[in-house]
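Below are structures written as structure tokens.
In what follows, chain A forms one complex with chain B and a second complex with chain C.
Let's turn to the complex of A and B:
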């Protein structure tokens, strides 16, 4: 049994490394996506009057990205996307950091006190249930500033996955670890710093991976609520033909990429800060 | 009282065969020590009972436990599930308090003994901290005790050396096998330099080969350190092989049905397990269970 896979690797080194490496999967996935997109684009090109509004070919989108043609205010399509992305991502980032901090703090408080948990958790659920579009005017009237309210909304959406995941993390600490600390005569501060808080890191990173892309999409959504910069505003403007429709497609691709990248970044952060996780069962996959 | 009487009868009268002389060697003075008060790190349980409320009714899980564990003794609590062996251990460890009766650990209450870090605890699973390296795991209780960093390091290294894991100090628990993880757990319990080691089925999750290896290691550690060891297990052969005395417990309610002195010579080696005397002890323990 032990020798069989060995000889297989020796006889077909290319095949073995191919099945073990990750990139072939990504490649197949990418080719599949391109194929489906192009098939659909051909179909749209045959049947619709303005196919670029529905589904342009990929090469058209790529060409638009590198074209020097000014679409608005003396800016090319790519410049429009990047300039607006800066303000949207900055707000998303600020909201994300605030949401993560408050989310973790609340999870910690809920873990420390059953009463806090009982009081706070229904509100947490409630906030989660209110649609962002319903929440936005309320937040706007409270903060009185559209940019500040956009940050707050990104924070609110980030907050829940972090708080819920970290609370689950606090609760998942095995009773034996509590007993061990008790048998050492550890005080509450030591219990939390040595056992509880480190034990939540995997849950914390799971929360981060959920909420990082969420903060970005939320930030784009609330951009559309009022004028001013931001990817969301550009999206609606480009759809209204105020500028090239390719701005719309570039934003879609850019956002998809940034969303995935933010997820990936959290994974890298986790691998760096929690090196031990690679030896755990199912570690680094959450 | 009835319990005590039954226990005495069994301990003296039950083995009527030729091995009786082996089982109750008259020259062993420890027999009489049963009646003596516990020594400095001895553990004494008298009249200990525990009941839990279930639907408004108190259900007894432990009834009138009387047990004197001598200083430096290796004693096993053996019995089927629900016999209260783990409950007894947890009462000694101050993890739960008895409904009635008194527990004294070298003259101190379990709470005093715990706060003085007089015992180290080993669980069925190693309960290691994934995010700490092996040596950091062993240093954990020493950090809680706020020992100087230098001493933490030295003690942890010495303990890892004792369990044969000196070369794995920088590894993470996830990189170790189950047996190695349990050794780290033992090293961590020993790092406190406790008088007493409380072990709750520490080897029951391990495979037979690893378990036998760890038996030898544990016996060696015990011989080196002279700790009092209270060892909970449901494995009869394990209890007989390791212990000075085997305390047989029976369920519904949890009680002691017999305490058997193991007359096998020390130091023990794996060959002892094949001897007729060994099997006779195993059979005696097995026949001591009541109501199972």
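Let's turn to the complex of A and C:
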């Protein structure tokens, strides 16, 4: 959260170092959450016949991750998760890249042409409303391949936040900048390469941060629809007790971690590619 | 932190597109003034105090710092009230001779495109283009007929989905606002909590839904009730993040010196909250809701996939797909889209009424 000058006036001097000492606060919150989880796990262990289905202790989950016990097909739980994660994440990544490319292209077209913008804007909105899983069989019948349909769906989900954010970025360029470029006698190409496109980068990265977890969710969701590998189908198999329930917990934690990590990764990418945005660094940690 | 706002930057724009009656200037002003496009410059230009301009200069967009325009645009007194966005300027240029045509185009172009798609779809050309058949992608007339034939059953499913989505949205927004309030009141510990809440947001719903279904097994002996509780909880968690982040901004990012003014009036924390922070927060709340409404519908449907009790629009889509009943599945997909659109339209109209007296 960006520290506003006025809130410094308001807060007491002792609290002025809010931004510097931020991580211990987050750490305390995290420890608090772990404590709550463990307390609840103790309670569940006392009252339930199969506590690991509802809420296992965290150390049990960690132990399951490192145990060499074979869960299925001569694979340990961790191997199952990682092998399936590789295929799911690969598809999510491919879809993500395609979606980003198309989303940015559409935003560019919309900013170049008023007519394209008017045509595409309401429909961009509609895409957001369509349930992803609903599209899976249709995409499947069109592409004729499960893997390809996963990629397409991840791409469609990625597409909206990127297009919407980049369009907002194109629109946020001040008219004075346009006037300046005009007075320099810049042509349309120069206007875009020198002013408009650099102006969209912050918005572009915001879009990336929203859509990266979305692409992963999409890929996993499509997995649950059809069998044949992937984190999603492992998730539903272990939920139906086809294999150890700890696989379920491992997948949950892995997915949660990957979701947050992908968000963080986009932030790192932004800091690397747009170092001049350092000033806003405080605003990026969420 | 500003991802929610920015996403809704576009949505605010869309909202503007849907209201062609309002004068262009006012529309663009609202779009620019919403929490959304918060480049310091737009904010600075909107307020007319030169001191304010100086103050907001360091916080202004980084892009300004390497463009020579920046200095000029900021030191210039804000004489043009509509200098918010490029679009505003573009719209303004359009406004003079062909304003009516521009407005008509806003409605006409998407409509024409929609009609084109409809004709392609209905005549079967779309099927040839996409290389699919009539069974996987039934013609719209057939989908509508199925929707009418099964209207009773579809309506029952809509009700359960709406219950989950709306109560989840309500509780999520309430909790989110509470988090934001606590973060505002106790900045040191609260902002850590805020970070945590937004970190939760990066967790895919797909990971949340089965866990919560597991946890709510004991809530009630009836499958329908406990499934509903699970769904509401999922939607609550998903909606919380955007509300807490936006509301926190609304409560803390006040107009410059307004807090000092309140202090000089000798107001207490209560008056400060009711008279200054809460009204300031309202546009931000609507921004959060604009993200929250579609999200709540989608996450309610995803939560249905994992729920025990087989009900709801999302679950019906899945069940029908599993049974290879594609036309029926399509009817539910259409219903889901309609649901989202209608809810969003309601939100936009409420916002228009609620923010009528602003700016």
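Note that the second predicted complex is superposed on the first by the 257 of 286 C-alpha atoms of A that agree within 3 Å, B and C clash if a C-alpha of one lies under 4 Å from a C-alpha of the other, contacts with A are read in each partner's own complex, and residues count from 1 in each chain.
The definition used in the following text is that a residue touches a chain if its C-beta (ideal position, glycine included) is under 8 Å from a C-beta of that chain, and two chains touch if they have at least 3 such contacts.
Bear in mind the structure is a predicted one, so any value in this text is a computation, not a measurement.
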A:161 contacts which: chain B (first), chain C (second), both, neither? second
Is A:30 contacted by the first partner chain B, the second partner chain C, both or neither? second
Using the touch definition from the top, say if A:57 reaches chain B (first), chain C (second), both or neither. neither
By residue count, which of the two partners contacts chain A more extensively, chain B or chain C? C
After superposition on the shared chain, which partner residues are touched by A:210: those of chain B (first), chain C (second), both, or neither? second
Could you say whether A:148 touches chain B, chain C, both of them, or neither, answering first, second, both or neither? neither
One more residue to check, A:185. First (chain B), second (chain C), both or neither? first
Is there a shared patch on chain A that both chain B and chain C touch, and which residues make it up? 174, 176-177, 180, 195, 198-199, 276-277, 279-280, 283
Within the complex, which stretch of chain B touches chain A? 93-95, 114-115, 117, 119-121, 123, 125, 127, 129-132, 140-141, 143-145, 172-175, 192
Chain C touches which residues of chain A in the complex? 1-2, 4-7, 9-11, 15, 18, 22, 25-26, 28-30, 33, 53-55, 114-115, 118-119, 121-126, 128-138, 141-142, 161, 163-165, 167-168, 170-178, 180, 195, 198-199, 202-203, 206-207, 209-210, 213, 216-217, 220-221, 224-225, 232, 235, 239, 248, 251-252, 255-256, 259-260, 262-263, 276-277, 279-280, 283-286
Chain C residues touching chain A in their complex are 1-3, 6-7, 9-11, 13-14, 17-18, 36-37, 39, 41-42, 55, 59, 61-63, 65-69, 72-73, 76, 83, 85-90, 105-106, 109-110, 112-114, 130-133, 136-137, 187-189, 191-196, 198-199, 202-207, 210-211, 214-215, 217, 245, 248, 252-254, 256-257, 259-260, 294, 297-298, 301-302, 305-306, 313-314, 317-318, 321, 326, 329, 332-333, 336-337, 340-341, 344
In their shared complex, at which residues does chain A touch chain B? 174, 176-177, 179-186, 190, 194-195, 198-199, 201, 274-280, 283
